[in-house]
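Here come two complexes built around chain A, the first alongside chain B, the second alongside chain C.
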Partner chain A sequence: MLGFYFDQSACNGCKACSMACQDKHDLPVGVQWRRIYEYTGGTWSVDGATATPNIFTYYTSISCNHCDNPVCVEVCPTTAMHRDDDGVVSVDPDKCIGCRYCEWVCSYSAPQFNPDKGIMTKCDLCADYRAEGQNPACVDACPSRALDWGPIDELRAQYGDASGIAPLPNPEVTKPNLVITPHKKAQSWDEGTGSVANQTSEM
Partner chain B sequence: MTEVFVHEWPLILFTLLGQLAVGSFIVLGLVNVLATPRYSAKVVDRVADPALYAIGPAMVVGLIISMLHLGNPLNAINAFRHLDTSWLSREVFFGALFAGLGFVFAVLQWRRWGSRKLRQLLAVVTALVGVLLVISMAFVYMRPTLPYLNRWTTLVGFGVTTILLGCLAMGVALTGSPKVGTGLQERLFPSFAPLKDHEELGVEKLLTNTLRWIGVTTMALLPLQLLVMMFAILPPTAPDAQMHEFSMVGLVTRGILLIVGAGVLGLFLFIGGREQASTGILLGLVSSAFIITIVAEFLGRIMFYAALVPTGVG
Partner chain C sequence: MSVGAMSRRTFNKWAGAVAGTTALVGAAGWESRHAATPAAADGLASADRTVWNACIVNCGSRCPLRVQVKSVDGEDRVVRLLPDNTGDDELMTRNIKACVRGRNMRERLYSPDRIKYPMKRKEGTKRGDGEWEQISWDEAATLFAEKLKGVYEKYGPEAVHRMYGSGTWNSHINYKVMWRLLNAAGGQLMYYGNYSFSQLHTANKYHYGEYGESPSNSFEDSIENSKLLVLWGNNPQETRMSGGGALFTSLAASRKEGLKIIVIDPIHSDTAALLADEWIALRPGSDAALVAGIVHVLLENDLHDQKFLDKYCVGFDEKHMPDGVPKNLSYRSYIEGKGADGVEKTPEWAAEITGVPADTIRELALELGNTSPVNITQGWGLQRQANGEANCRAVYTLAAVLGQIGIPGGGNGGRDGYFWPLSESLPDLADDNTTEAQISCFGWLDAIQFGSTMTETQDGIRGVEKLSTDLKFLVAMGSNVLQSQHADVQQVREILKDESKLEFLVYIDNQFTRSAEMADLVLPDCTQFERWDLVPSEYTGDMTYLLMCEPAVEPLYESMSGYDMCALIADKLGIKDKYTEGRSLQEWTEHLYELSRESIPDLPSFEEFRKQGVHRYYSPDGLTVSMKDFRKDPKANKLETPSGLIEIFSKDLYEMDKTWTFRNKRKGDRIAALPEFIDTWEGPLEASAGGKYPIQLIGHHFKGRTHSTYANLPHSKALHPQVLWINSSDAAERGIKHGDMVEVFNDRGRVHIPARVTPRIRPGVASLPQGAWFNFEEKKGIDTGGAVNTLSSLHPAPLAKGGAQHTSLAQIKKVED
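For the complex of A and B:
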């Protein structure tokens, strides 16, 4: 099963991955197959007359995680949303009716409605690039080398198995094929003390 | 809230009209079943038949409106392809089946084709398909990644709305149909022979009795719906739930409208029915109750779609 690796400790939120995706797939404004969430929060402690802030901000670059339990595939009324043998979840444009049900239930905003086409669209790990032996566009565009892709077993053997980092959801529900090297101040999905600071630009 | 309405109005109208149609069919069926031992078939048919023909258009209009939600309606037939796992597929299937069976039943009833037993059997099957439609509607939204909607309040809320709107819509149709004019009715329904005096009295008695029970039902459902509303706004336990747009003004307004429409006017209907008030007064009461309640449920449905917010960054 194929998946993505993301090095959160190396990401500076430059959005080159998102732009490369947008450009490669010629996506209209408002359709973002890869998005970068700025998660921010913090607290402070008071010791005598001294208040010490303890704040954090980190970025999470997220596309489709080609989940092992893809809720989008389960709910799709048309079977347009499907999972291939290599684990890649994609949309059959001839079957899709654009009902947006997959968009409602995905906790990662992976399926996105393309108003120009009237149907759902999403990341397919750059199937055409992969067929030519290239990397997905986002992976090669990252100046920090924070993204990688490949068989999820190999990625997990190399980078560990963390994927439940806030603001991402509980990974037990959809079982994403995603591995994250957490930022040093990363919070677990169920800590939830921060909030997404760039909600409007990344929705 | 306005934004939710702008985006989701086809689904708001489809779910409300679908539930109204299913509820109406069930209520009309119950009127038939409960009235048959005490009134002649002629009286029951005279009261129930005209109302039957109001249900089909509501369901068909709902189904057509639901297509406006689609980005690519030309492919709409594909929505039947995933019945084994998709509740949306099942919703579309049961919706179409309910409309189809309802249409066949209405034609048989109109022409008096087939025995009464056969028609009753078909009506029961149609009603059961309607129940499955409402259950499917609820499970479309009861998904593990939708923490605000994945609770019992969705199923029970849809069920209560179904019966509430069904009761009041049928109340209006049953009371209002004699006002359409007998001439028109005789042309529309050839099997409508003129009634004898004692049968006319029977019709009136059945009407007032039905409205009395409709009043009792809406009053009984009111506390249940208020309970559903209170539980539905509790914050979900999932720590990865996102915030959503919530309107306290909308919630309170809906509550007040329900108390007036289903509670106070329900009580008046009960009293009016028991005292055998004139059909003019009863029609005024039941129409007001229907309009106020449907506005309340419309408001509730907008707030329901505002809560359609998945976990994580969805």
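For the complex of A and C:
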């Protein structure tokens, strides 16, 4: 099963990965197969003229996690959303009717409705590039070298198995094929004290 | 994961490369990565060709882009961009991967905002009315030439100016084309300094002896040798996001065992969020006070390096003062309260100004004093203040007090160091300029209004004692400074509208910016994707490089390269041969490349370079240790200061303070001989006193764009929308919630923009990230673009006469529907 690796301890939230994805797939504005969440929390203690921060911020770059339990596939009324033998979840454009159930059910916002095409679209780990021995565009784009991909077993052997980092949901629900090296101030999915700081328009 | 790990093996490999080995791009380190960029990754299989080009914005980096071109309906189109694949993930041979900005260059190429053909302001309309008439290139070049000749005849060369603007110039040829033309044609008023670091540029002359920058040790040197790295207002994770530049090297520094990183910044920048072991959040404009508080603690604990100060510096204590100045003017006297103000600069004193608790200042000072080597690197935000000259010198002074200057792992308090490129630029024919006169880069608007009254001791005129004329002919090339990046944009707009002052304004760019609206003649430059050039690295640490810039497609519409349009104008002026020297743009590119091969080792043939795209090279002296020769022998390697030493007290500045006068003098307008805290107009003390405008408004550099480049593009704006950063408690006081539309206002203007309510900025401080395009709704008097300069002041810093755009007070309120 194929999956992604993300090094949260390297990511500055620049979003070159998302831009490279949009460039590679000619995606219109607002269709973001890869999204970057800023998660921020903490407080200031103010004492007269002085103030002391206790603040944390980290980013999470997420595409599709090609889950072992892909709820998007489960709810699809037309079988357009399907999972291939290598674990990659993709949309059959000839079958998709654009009902957007998959978008609604996915906790990671991976399926993205393309209004130009009237159907769902999503990350397929750059299937064409993979077929030619290339990396997905996002992986090669990252200036901070925060992304990797490959068979999930190998990724877990190399990078560990963390994936339940706030603001991501409980990984037990969909079993994402995702491995994260957490930021030093990262919080567990069920103990997050921060909030997603992105503007609504960025989502 | 081993991003940028400088293993001994890597370092040796790199050192070997310096010695002349050609195997720079090795496979070392790749095996540790699952997915290093395959060297053969060639993107779109059906592309007709892939050519090397680059992102050339002024972030201080520069990134190569592999541009894929395909014929679509019989027309060549750029269809995809690919990242650098000529290096690897090791520190000294790193791939120079473009960030989110450069990755959107395709949208910039095909933007509907492209200027498509030459245009002149419609007859009978006023400047800024926005009505245009399309004209031919022949007519445009003739118009330019005739107006220029007229101004030369009537007013002379000091009335002609190519203003600051970095939008299209970060390449060896396009950078110089307009200066070359104007020098060849009869001369021009030049400027000194730059919008990036004006105050530091001038203050540096009086402290370290040279106009410009005196950079500190490089991040690479810190990785190898430092115990502590201080990023003082230095934010490489957002300002210099190239994967081949400071983003990469600073990240690598954070991963070095035993190297602690402290970030000092009013904002919890991404550098603070990602790299810092400790974040100190001071008030903007209070940096010199923080340094004074730190030095007080160092003296109290005898942690200062007296031997270094005695041998290498002037003005630290009373025993080391220049002749002919009264007692108690030394920095130590200032700290100990023996100076004119009689105030001891205790941490408690500093806490009231900086907003940093006294105990935190003590701990910071003790850590600095007990750790060596320490590299303190400053960014350029703290000097973009009304007291910026003193702020940047204060950080320099701290490096001296700690004795860290000129040693491996240490630093001089400047920005992180680099090896400057050796490649050659188009000659600008400066020797042909018929005037020596210079204004501050920020002074062009003053020169339009009252140039003929501008003098050395009031306006910082250099080269002559006073200007002979007002400015009459202005060229803005790749410069959205006119209507977004200069201060107080509305005021600028009004001044430019007065056609009795400025007689002719030419705007040249590839995007129709807000600045273009104010022009009399608009000329369409092509982008770098449509022309030949050579692109050097800039502030990319100890890995220096040259990039190929080959046209991917023919110039779109009627656009033309800067070089070709200047050649056309030169023809109308009768100086074409002088301008071109018989070379086409491509021939100049090849010529400059051949010249560069004389100084850069192992640079291949031009044809080979077209295929290779990127050439990395390194200083023969190894990693950058700033001022190491001076440290070794200060007598043999004197600085260019009057004493030949580091001047913590500058007698030159002391004397200038007696003779310089100020237009519309405001609080803090004086020339300080010491790097002391100066309480200025709209500074931290005025803010904390409350009043009509209690919020210190700054405009930090932002990830979505470099200055105003890329700021108009929908994909860029969607990923990084313009918002006001406001602290959660300030927002709560005003009933403002995350995402609410707010009005930011002061007596200079009003901005409407959504709020980003966040703890990532100090209470009492807000930031409207700089570079958003001014979008003025004239009838309402509101800027809905979110240009921070709608609210900043035209009042320049006292010595450098540069913009003080982070010194600004404002109020914020919710916009009710």
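Some observations on this one:
As a convention for this text, the second predicted complex is superposed on the first by the 189 of 203 C-alpha atoms of A that agree within 3 Å, B and C clash if a C-alpha of one lies under 4 Å from a C-alpha of the other, contacts with A are read in each partner's own complex, and residues count from 1 in each chain.
Here is the rule we use: a contact is a pair of C-beta atoms (placed from the backbone, for glycine too) under 8 Å apart; a residue touches a chain by one contact, two chains touch by 3 or more.
Fair warning: this is a prediction, and the values are worked out from it, not measured in the lab.
Partners chain B and chain C, once the complexes are superposed on chain A, both fit on it without clashing. When the shared chain is aligned, chain B comes close enough to touch A:G118, but chain C does not. In the superposed model, the angle subtended at the C-alpha centre of chain A by the C-alpha centres of chain B and chain C comes to 130 degrees, rounded to the nearest 10. In the superposed model, more residues of chain A are touched by C than by the other of chain B and chain C. Contacts of A:D148 after superposition on the shared chain: chain C is touched, whereas chain B is not.
With both structures placed on the common chain, the touch criterion links A:L2 to neither chain B nor chain C. Residue contacts after overlaying the shared chain place A:D140 against chain C, while chain B stays out of touching range. For the pair chain B and chain C, the minimum alpha-carbon spacing after aligning on chain A is 13 Å.
Comparing which residues of chain A touch chain B with which touch chain C, the overlap comprises 202. On the chain A side of its complex with chain C, the touching residues are 5, 7, 9-16, 18-20, 22-24, 29-30, 32, 36, 40-44, 46-47, 49-53, 55-58, 128-129, 132-135, 139-145, 147-150, 154-155, 158-159, 181, 183, 197, 199-202.
Listing the residues of chain C that touch chain A in their complex gives 1, 3, 33-35, 37-38, 40-43, 45, 80-83, 85, 89, 97-100, 103-104, 106, 237-238, 241-244, 247-248, 251, 268, 270-271, 273-274, 279, 281, 351-352, 355-358, 360, 688, 703, 714-716, 718-721, 723, 727, 729, 738-739, 754, 756, 758-760, 762-763.
Across the complex, chain B is touched by residues 35, 37, 60, 62, 71, 74-80, 94-101, 104-109, 113, 115, 117-120, 166-170, 173-174, 189-192, 196, 202 of chain A. The residues of chain B lying in touch with chain A in their complex are 69-73, 75-76, 78-82, 85-89, 92, 140, 143-146, 238-240, 308, 310-314.
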